[in-house]
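You will see two complexes here that share chain A, one where it goes with chain B and one where it goes with chain C.
Right, the complex of A and B next:
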C-alpha cells in the first residue's frame, strides 16, 4: 500500500465495511465513509475490528460522526492511540 | 414553553372541524380536506414559519402540543398536518435565498401544504439512500421517480423530494429538492386501503418534472445532514406527539365513560382489577409524555447551541422516543379496549370510538419501522460505554 498515509492492516479492515467502494478503486483520505456504505451497524463492526487489530480502545469521546467521517479522520484517532500504547 | 401565546385559541377554532370529519375521513380513506383547510385558514400551517416571513414563529414545543391536541380529535389529520410541519421545519432550517423567500410566506398564508417524498421502491425503507437520480439538462434538474407511500400526496401544493445526487453518484449521496405542484406531473400509482390511518391517504405516486437548481435544499448530496438535524428529529417528535394525543384522548373518553352511568354492568369501577388495568394505561401515557417533553427540550437546546444532534446519546434518545411512544400508546389503547369490553370497546358504533384509535395506533410501530430503529439503537448503545441517559 505505498502512497497511503495509513497501514495496510487499516486499509484491509476498513475496506471490509465499505460495500459501495469498488474493490479496485483507490481509497482516498477524504472519502466520505457514509457515502461508501458505512452505516451504524457497520460502524460498530469496524470499531471492534480496528480495536482488535491495533490493540487499542477508543474512548467514548472519540466515537463521534467526525471520527467515522473519512479514512483520514479514523486513521488519525487510531494512529494517536497506537502511538500512545507503544 | 410556548412561543405562541394564542396557540390554544387557534387550536380551539380548528378542533370542531377536525373532529366533525374524523369519522368520514376514516370510513372513506379520504384526505381530511376540511380540517386542513381550517388549519391553513387559522395560520397553523405556518406555525413554525418565523414571524419575519409572516408565520406564527412557533417552536418545537408548540408543534408537539398542537399535534397532541389535533390527534385527540383525528389522528389522521394530526399526522398529515404534523408531517407538513416537519417539511416546513426542514425549509426553515435549510432553505436559503430566493427559495426561502418564496416558499415561507406562502406557507404562512396557508397557500402551501407540503408533502414529503422519501419512500422509493427498491431501497428497503432506508431514509438516507435514494435510487432514482437527478439529471441536469443544463437549464434545470429533472425529477422522475416513483414513491409508493406519500402522505397526502394527491392534495399537496408542494413537495420535498429525495433524489440520488446524480447518475454517477452512490446511493448514499442524496439530494433534497423542493418542487411546486405545477412544476410536476403527479400521477397516482397505488392505493391506500389500510387498517387505520386511513385519512392520511398515503397513496403511491409517480412524479416527474423540472426544477431550477436553486430549489435544491441544503447541499447537493447533503441530505444526510438535513435528516439528522431536522427531518428525523422533528419526525420522531411529531409522530410521538400525535400517537400520545390520540391515546390520551382515548383515556379521557374511557375515564368519562367509567365515571358515567353509560358504563355496562360488566365493568366494576370499584374493583381492584379495573383499577390495576386503568393504572397500567395511565403509566404508559405518563412515561411517553415525560420522555417526549425531555427529548423536545434536548432537541431545542442542541439547536440553540448549534449542535447537530448526531451524537450517539442524542440519536439513542430520539430513536427511543419513537419506539417507546409507538409501543406504549398502542399497548395503552389495546388495554383500553379490554377494559371497555366487547360492546363499548370493540364495536365500531360505540360512542367511545376506541376501535378507530386502536386501528390507527397499530400503525405506529410500522411508520418508519421500529425494527430498524432498534437495530440502530443497539449499535449506538455499544458505542456509549458511559451510558449517557437522558
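Right, the complex of A and C next:
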C-alpha cells in the first residue's frame, strides 16, 4: 500500500483482524477499528501478533482502548516501541 | 507403531494437570460433546469414510498420551488405526436423542494411554444417516477444535458448511509442531514473559486471595441455574453502548462485583479462559488451547462509576489474556516456592456470547428474564462458575457449590444480573451501589 504512514508488515497483521474491512479498501489512519470488526477477543490476538511481529512488549499503560481505537493510534505505540528496541 | 512423538503442548499439559486433580471416576464429566447434521442422501459407509479422512488429517484424533522416561508425551499413531464409531438406529433422530447418545458415548472413561480421545456415533433413521454425535477428551480438543472436526466431516460429505470446506482445503497444523514451537525461539520468549506476569501477580495479590486452595474433589455437589433473557440481550448491547466498553466487559465487571459479594472480599481473583487462538498458524488447530488466566480485581472505592471500573478491568483483562499461554508446571513450581501451596483456581468467568453487537444505539427495555434451575453436568470443580452463551435470550449459566451460594441465593443472583444490565444501560451507577444491591439480593450485609 503506497503512502501509508506505517509499514506493510503492520498493515498485514492489522488487516487480519478487521473482518468488516474490504480487502481492496484503503485503511485510513483514523478509521475506527471497532467499526471495522475488531472486537474484544480479537484485540488480544492483535496485541499478541503485533508484539511477535515487531519483537516488542506493550507496557500496561499502553493497553487501553485508545491504543486500539485506530490504525494511527496503534501504529504510534508500535513505532515508538520498535524505535526504542533498536 | 509411532508416527511422531513430542512433549505436550502448553494447552494439553494444562488439561492433564487439571485432570489429575479430579477423581478418575469423574473424568467423563469433562468430555466435550457436539452434534452435526449430516447431508441428506449420504450412506453410513460414506460417513465412516469421511470420519476416517478427518482423523487422518488431524493427529490429535489419533494420539495417545503417556508418561514416559522423559515425562509426559504425546504419541501420534499412523492414520488408519481404528477409531471408535458406533452406528445407532433411532426413530426419530432428534437433537435430544443425539445428546442422549453422546452422553452414552461419554459415560465410560477414556484411557488416554490406550484409546484415542475421540468417539463418534452415526445416528440413523431407517438406516439413513441423520446426525453425527462426537465426544472428545479435552486433552484432544477444545470447543473450537471440536467444531472444526464436525465441520470437516460435513464438508467431506459434500454438506453445506463453508467454514468446513475452507478448513478441509488447508493443510492442518498439528499439536506436535506447536509443542516444538512453544519450547523454542519466540515460544520460549512468550513463556518467560508469561512467567514474569505470574511473578508480578503474586507480588500484587495478597496470599489469602490467591491462589485459592483447590476445591475438594471428593465432595461432589453443585447446583446450577440459567437466566434466559431476550430483554437482557437487548440491554447488554445498550449497556455496552452507554458505557463505551464491550458487552463482555459489562458482564465481566458485573461478575467481578458479584464474586466479591459472594466470597465476601473486595479483592478477588477471577479465572478467565484464554482461548490462545490468535492469528497465524495455530488459529484453528484441532487441539486443546484453552488455559486459565487469573485476573485480579480490586473493587476500589464505592464511588467509582461502573463505566470507569469496567474500562480499568478491560485493560487488566488484556494483560491476563496476553499471558494466557504458559507452562503450567513452571507456574506451579513458582507458586509452590512463593506461596507454599498448590496452584488452584476458582471464580470462573467464560464469555462465549460473541453475537451481541454494541455498535448500534439501542434503548433499554424492562428486564424480563426467567431463571430456571438446571442440572449441572459437573458435580466438582470451581465453587463459582459463570458462563455467558450466545443466543437470542443471552443465557447466563451459573454453577455453584451450594455451601458457598445455595440455590435460593443462586436464583437471586441471576435475577440481579438481569436487573443490573438494565440499570447500567439506563444511567450512571457506582460500584458501591451495585455491591449493595447484590448483597441485598443475596441476603448479605450491605457494604459500609
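Odds and ends about this structure:
Methods note: the second predicted complex is superposed on the first by the 86 of 86 C-alpha atoms of A that agree within 3 Å, B and C clash if a C-alpha of one lies under 4 Å from a C-alpha of the other, contacts with A are read in each partner's own complex, and residues count from 1 in each chain.
Convention: a contact is a pair of C-beta atoms (placed from the backbone, for glycine too) under 8 Å apart; a residue touches a chain by one contact, two chains touch by 3 or more.
Computed from a prediction, not measured in an experiment: that's the story for all the values here.
Applying the stated contact rule after C-alpha superposition, one finds that A:52 touches chain C and leaves chain B untouched. Of the two partner chains, neither chain B nor chain C is touched by A:81.
Of the two partner chains, both chain B and chain C are touched by A:65. Note on chain A: of its two partners chain C and chain B, the one contacting more of its residues is C.
In the superposition on chain A, A:27 makes contact with neither chain B nor chain C. When the two structures are aligned on the shared chain, A:17 is found in touch with chain C, with no touch to chain B.
Of the two partner chains placed around the shared chain by superposition, chain B and chain C are both touched by A:35. Look at A:44: by the touch rule set out above, it reaches both chain B and chain C.
When the two complexes are laid over each other on chain A, chain A has residues 34-35, 40-41, 43-44, 47, 60, 63-65 in contact with both chain B and chain C.
Interface residues of chain A facing chain C in the complex, by the touch rule stated above, are 13, 16-17, 34-35, 39-41, 43-49, 51-52, 57, 60, 63-65. Residues 128, 170-173, 221, 224, 308, 310-312, 375-376, 379-380, 382-386 of chain B touch chain A in their complex. Across the interface of their complex, chain B is touched by residues 20, 32, 34-37, 40-41, 43-44, 47, 60, 63-65 of chain A. Taken in their complex, chain C has these residues touching chain A: 186, 190, 193, 244-246, 248-249, 274-275, 277-280, 311, 314-315, 318-319, 321-322, 324, 354, 359.
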